[in-house]
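Below, subunit A partners subunit B and then partners subunit C, in two separate complexes.
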Partner chain A sequence: MVAFILRRLLQAIPVLILSSIVVFLIIRVVPGDPARVVLGLDASEEELAAKRSELGLDQPLPVQYFRWLGRVAQGDLGNSLVNRFPVAELVRDKLPATLELAIASFLLSVLISLPLGIFAALYAGSWGDYLTSVVAAFYLGTPNFWIGMLYIMLFSVFLGLLPPSGRVAFFDDPLLALRHLALPALTLALPAAMVQMRFIRATMLDVLGQDYIRTARAKGLREQTMVLRHALRNTLIPVVTVLGIQFGNLLGGAVIVESLFAWPGVGRMLVDSIGNRDYAITQAGLLYLVGLFIVVNLVVDLLYGFIDPRTRRGGS
Partner chain B sequence: MNPSRPMSRRSALRLLSGAGASLLLAACGSSSSSTSASTSPPASGGQTASGGVLRIAEISNPRTFNPLRQNNFWSWGAIYDSLLRYNPAGELVPHLAESYTISEDGTKVSIKLRSGVKFHSGREFSSEDVAWVFEKLKEPSTGALFRTFALAVVDIETPDATTINLTFEKPEAGILDLLGNFYIPDKEIYDDLDRKGGGTGPFEFVEFIPDEKVVLKRNENYWGAKAALDRIEVQIFGDRQAATANLESGTIDIVPLTLQDYVRLSEGNAYQTPKIIGASMFNIWLNTTYEPFSDKRVRQAMAFALDRERFNSTILLGQSQATCNPLPSHHWGFIPDLDTTYAFNLDKAKALLEEAGYPNGFEVSVNVSSQSREGMGMVQILQSDLEKIGVKLTIDAKDEPRWAEAADRGEFQINMHAYGRTSADPSLLFKGTTAWRPDANPTGFADPAYLEHINAQAEVIDREQRKPLLKKLIEYVQDQSFVIPIAGSVTAYGVANKVKGLELLPVGIVAYMEIVSLS
Partner chain C sequence: MTNPSSAQLDSSRPVPHSPEREVARVGMLRLTLRRLLRSPSGQIGLVCFAIVFCAGLFAPILAPYDPIEQFIGSELQPPSGQYWLGTDELGRDLLSRILYGARLALLVGVVAVGAGSLIGVSLGMLAGYLGGWFESVTMRLWDTLLAFPGVLIAIAISAMLGPGVFNVGLAVAIISLPGYARLARAGVLAEREKEYVLAARSLGVPVPTIIFRHILPNILPPILTQVALGMASAVFLEAGLSFLGLGAQPPEPSWGGMLADSRTYMRQAAWYGIAPGLAITLFLMGLNFLADGLRDALDPTRRI
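Right after this comes the complex of A and B.
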């Protein structure tokens, strides 16, 4: 197992280097001058040239890249081109918020999708199944920001139950932290849960039609045991793959929700940095996302082995 | 004034406008050789703090806390003091400067500074700090908007700690604007000013967490009347409507509003909704190096084809004023006679195109920022109107940095834009902003006569003598029509009723934070 993990981590290094080159080049190919962002539209060409020189942007691209890579190898992600904050410090500050929101919404989505998906599969064609389909269609067809805005208006403005924005660190005040987390987590979790629910339903229906399930039923196995021990376990193998992708999306794709709820996460920082052509932050942020996807994929692979011993044996 | 009671908003404004009046009297009465102004400092201890935390919403991070840079941030007036400052009537009154004198020929300015002023670090403020700021303003990498004026200073003398003498090569009316925007940061933390602030102002910088908040606290050692508030917390949102929902749920006290929210919230009495028209001016640039626009008549045709009233009534929800003037109506240099020079008239536009040899129109594209709701709206109106006179307009929408780069490099045929500094001295507007600068203008427009017009009005300090020269300049730019004003922007705030004493400056930012209090 340890050898497997180490091998996968080593495989990640070329992926990270390749990603760093692609990211470095892509954001520089996109027109837009960080010096102009810093100094504003009214800056003269002389002022812009001085700022570019100060930011090291007047150097050839290979020189810029290897300087940056050299610093990254030593753990220095550089400074923001706009406000000069150390990027490593920024990522370190934003990461807990992003992880907190991603984990909370992921757990919430699993808690919602798993029972609903099983229910919809077991009672396929019933009014309950249709109802879950309608709810899923609503959440999947409605933009996140609109749903979030609706939650704010309902739970914060009209009912005054939950704070509409901001984040409190969990260890500072757990209850208040959960209250702040509730609306953004719910906004993110429900659409994700609907995707997962539909997938679980379809997979479970497929599994329930398999011969071994018919055999189990014929043997007189209790329905509950048959569902939990046989159907669900086999359903989970493809579901884990989807959950892994969903978790990755939650880690990097919560941008709109972070903006809406003033949640200080990495996604929002990344999007701001693209708008500002703040290369240092964009590079570090995207590398962080690539790194996280690698870790999530690794965890998914490990989970396969746990759920299905056959893959573990194959792996070893 | 009873020292145990908070200074009322009215008292505070009286103090500020009284100082303004003294300046005005001094300026108007300058049949003598020089212009000068002075005011006595606000009574120390004249105001007792009422406390509380003011929560302000911002939609994006401050890009810097460096007040010498071009990019604006409302907290400058809270963290920093300027030598002069604008009172609510838009007049400049002494602030860190106790008084100043401008010589008869307009080339020398002598400034007497307040004594006993300290930076937040505890260091004594002196004339050396002012001289240092002038030097920083001159450096290209500072990116200072007022560099044009700072470069005009040929000699700086600091005979003592509270006196500074400036000598200019020639008279420069814009010097008062420079002094009014001359915020003085603590030079000892200058290298860190992109991420933290430090000056002599009524509030001290506490922390800035990007995408999260900026926190300021009351400066207990402030040289003037101490601020009423204990703290100011700025929460940084990424979404304007979410910020407004926070105002409505009571978690935020001041929010910059969208026009839709402004109209909605200003209907009742639940909130205060101050607004400023014309902090920036929507306009289009025409690239004079592009063949149809190299002909002045085609440019004038475009000016007639702009339906400013429709833009105001539909996109700006009727909250602004359509104008052909480069300056907003509240500016002293606003010329009412020139406000309708190019009133919407497609027949005149068509006639001018025919006269210029384009009876069947032509094809053209407009560079516009996709992030500007107003800009996108205006170019769609223009597109439909130009079609009626045979001009096919293609909308080329880009994200903000790409749009800005294309605009500044002159890589456009038409550019949709909004220029700021409209409340500043006209010299700054015409010399210092990209839209109007006479040299290296991105529209490609170059004419020695233009610079002569700018300089002619800039060298006259007295406003009454200056106005006819300014009118000539505006007539000239209207005739040339390389930049065509459309309407003033609308800057609006939603403010909780418990907030007292809030004022907006003509530049559209919240001002005089020391007199703001919570009831």
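Right after this comes the complex of A and C.
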């Protein structure tokens, strides 16, 4: 197990290096001079040169990269080019909102997909199974930001049941917080739930066709016991991987949904920063989201190795 | 004893239906197309795709107005005989903008799928055929690219290159590279040791000719499924990035941009956001159905 963990950690290194290079390059490749962004249009050539030297922009790119990496490793992400706030603090303020939304959507998607997937597998070919696949096709073929807009129209504009935007901290007012969370979480959760449902259905159908299930049936085991104790356990092993990938995708999807619902998370901050040309924040937002994504993938792989010992062996 | 080859050549002789014979007779690509046209998913997908394709292609003929012409005094008009889908906040005809928006969605799809599949398939085939360090390096690169959420890569590239339709297409092409490359590599690995490749190699046929003239036609069908899925992802990302203001720039008519603009007017003009949303859904569902139909048509179990 230790060898497996070490190997998996080593595999994450090239991903981390490449992502750090991409994130670093953003601020260097964008058109325009960061020194001019900081000092404004009135700055003289001397002032600009001094600023460039202060920011380290007059050094060769590899030197700049390693200096930047060193600062990032110490938690220093620089200051916002627009309002001079330390970026690390800004991101840390926004991170709880993004995590709250991702975790809530994830739990909601599992709560929806697990029973639906099992139902669709047990009654494969029935009208209920057909209905779930039609609903899944709709959600998978519809962009989540449009579905989110339809939810706002229905639940906020017409029915007036839920707030259309904003966030309230959970410990300030739990009920109001949940009401604000409901629409963005549902928007993110349902498409993810449909992917998971289809996967759970296919895996469960596969498991239900195995010999040991036939043996369990022949023994006269109750259907409920057979499904819950025998089939479901083996279905869940590959499902864990898909759930992990989905959690990562929720972090990516949150960027658009956060903007739609004015949810004050890292995703919305990222999009706003691109609009404001505040590339220090763009860098930090991407760095955090990609880092989070890599960590989640790592945890899922390790979890998978723990659940299914066969995967700990090397090779493929 | 009957010679099997003469039996095959004798067309007057009744032979049992065999999918292998069908493949040999009509060729894999044509057979796939024939099966696609017979499958319900394929039919639905093709119809949806054809609608959007024709809308984009014939937009100048079909559109009742110029998509960026503003009719002062006709702002936010509901659907009527004059403006079939209503007008936006600047008094522009929504139907015309949606028809021209189809053009943009197709353009991004074609740029992304064209560049992504061309580069991805070439690199994947070379990796599969040559092996060695080239294969290790490119495969590691694809693994790394796959380790990122597509939306974030697209946003990063848009941030670097600036907003715009072409950059969105480029971003989607880069995201889609690993998918094509892995599929092409797997296909080449399966074909590499087959007799026709060995024969070509022993005759001294140059490597590029073996790869692109001999192997490519045999591994093309599964790549077509990926093309349909790649186009769906391109359309989704273009709409998403335009929704965030990072894709098509005003006044260019883009479905995602129209949805973003309609957000402000949900109370006064609820219908505003419906048509662009439906257009994206029609195209995305069509492409998903097309991919499903292609997958069914290529299902190896149907050939046994």
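Basically, the second predicted complex is superposed on the first by the 235 of 316 C-alpha atoms of A that agree within 3 Å, B and C clash if a C-alpha of one lies under 4 Å from a C-alpha of the other, contacts with A are read in each partner's own complex, and residues count from 1 in each chain.
The working rule: a residue touches a chain if its C-beta (ideal position, glycine included) is under 8 Å from a C-beta of that chain, and two chains touch if they have at least 3 such contacts.
As the structure is a computational prediction, the values presented were derived from the model and not from experiment.
In the superposition on chain A, A:Gly248 makes contact with subunit C only, while subunit B stays out of contact range. In the superposition on chain A, contact of A:Val23 is made with subunit C only, not with subunit B.
Contacts of A:Leu140 after superposition on the shared chain: subunit C is touched, whereas subunit B is not. Of the two partner chains placed by the overlay, only subunit B lies in contact with A:Gly160; subunit C stays clear of it. When both complexes are overlaid on chain A, the residue A:Ile152 reaches subunit B and subunit C alike. Of the two partner chains placed by superposition, subunit B and subunit C are both touched by A:Leu260.
By the touch criterion stated above, A:Asp93 is placed in contact with subunit B alone, subunit C being left untouched. In the superposition on chain A, contact is made by A:Gly275 with both subunit B and subunit C. Using the contact criterion defined above for the overlaid structures, shared-chain residue A:Leu41 touches subunit B, although it does not reach subunit C. Across the two superposed structures, the residue set of subunit A contacted by subunit B and also by subunit C is 30-31, 145, 149, 152-153, 157, 259-260, 275.
Those residues of subunit C whose C-beta lies close enough to touch subunit A in the complex are 140, 143-144, 147-152, 155-156, 158-162, 232, 236, 239-240, 243-246, 256, 259, 262-263, 266-267, 270, 273, 277, 280-281, 284-285, 288-289.
Looking at the complex, you find that subunit A touches subunit C at residues 14-15, 18-19, 22-23, 25-26, 29-31, 137-138, 140-143, 145-146, 149-150, 152-153, 157, 248-249, 251-253, 255-256, 259-260, 270-271, 274-275, 279, 282, 286, 289-290, 293-294, 297.
Those residues of subunit A that touch subunit B in the complex are listed here as 30-33, 36-47, 49-51, 53-54, 80, 82-85, 90, 93-94, 145, 148-149, 152-153, 156-157, 160, 163-167, 258-262, 264-265, 268-269, 272, 275-277.
The part of subunit B that touches subunit A in the complex is made up of residues 60-64, 69-71, 139-143, 145, 147, 192, 194-195, 209-212, 235-239, 241-243, 245-246, 248-251, 398-402, 404-408, 420-421, 432-434, 440.
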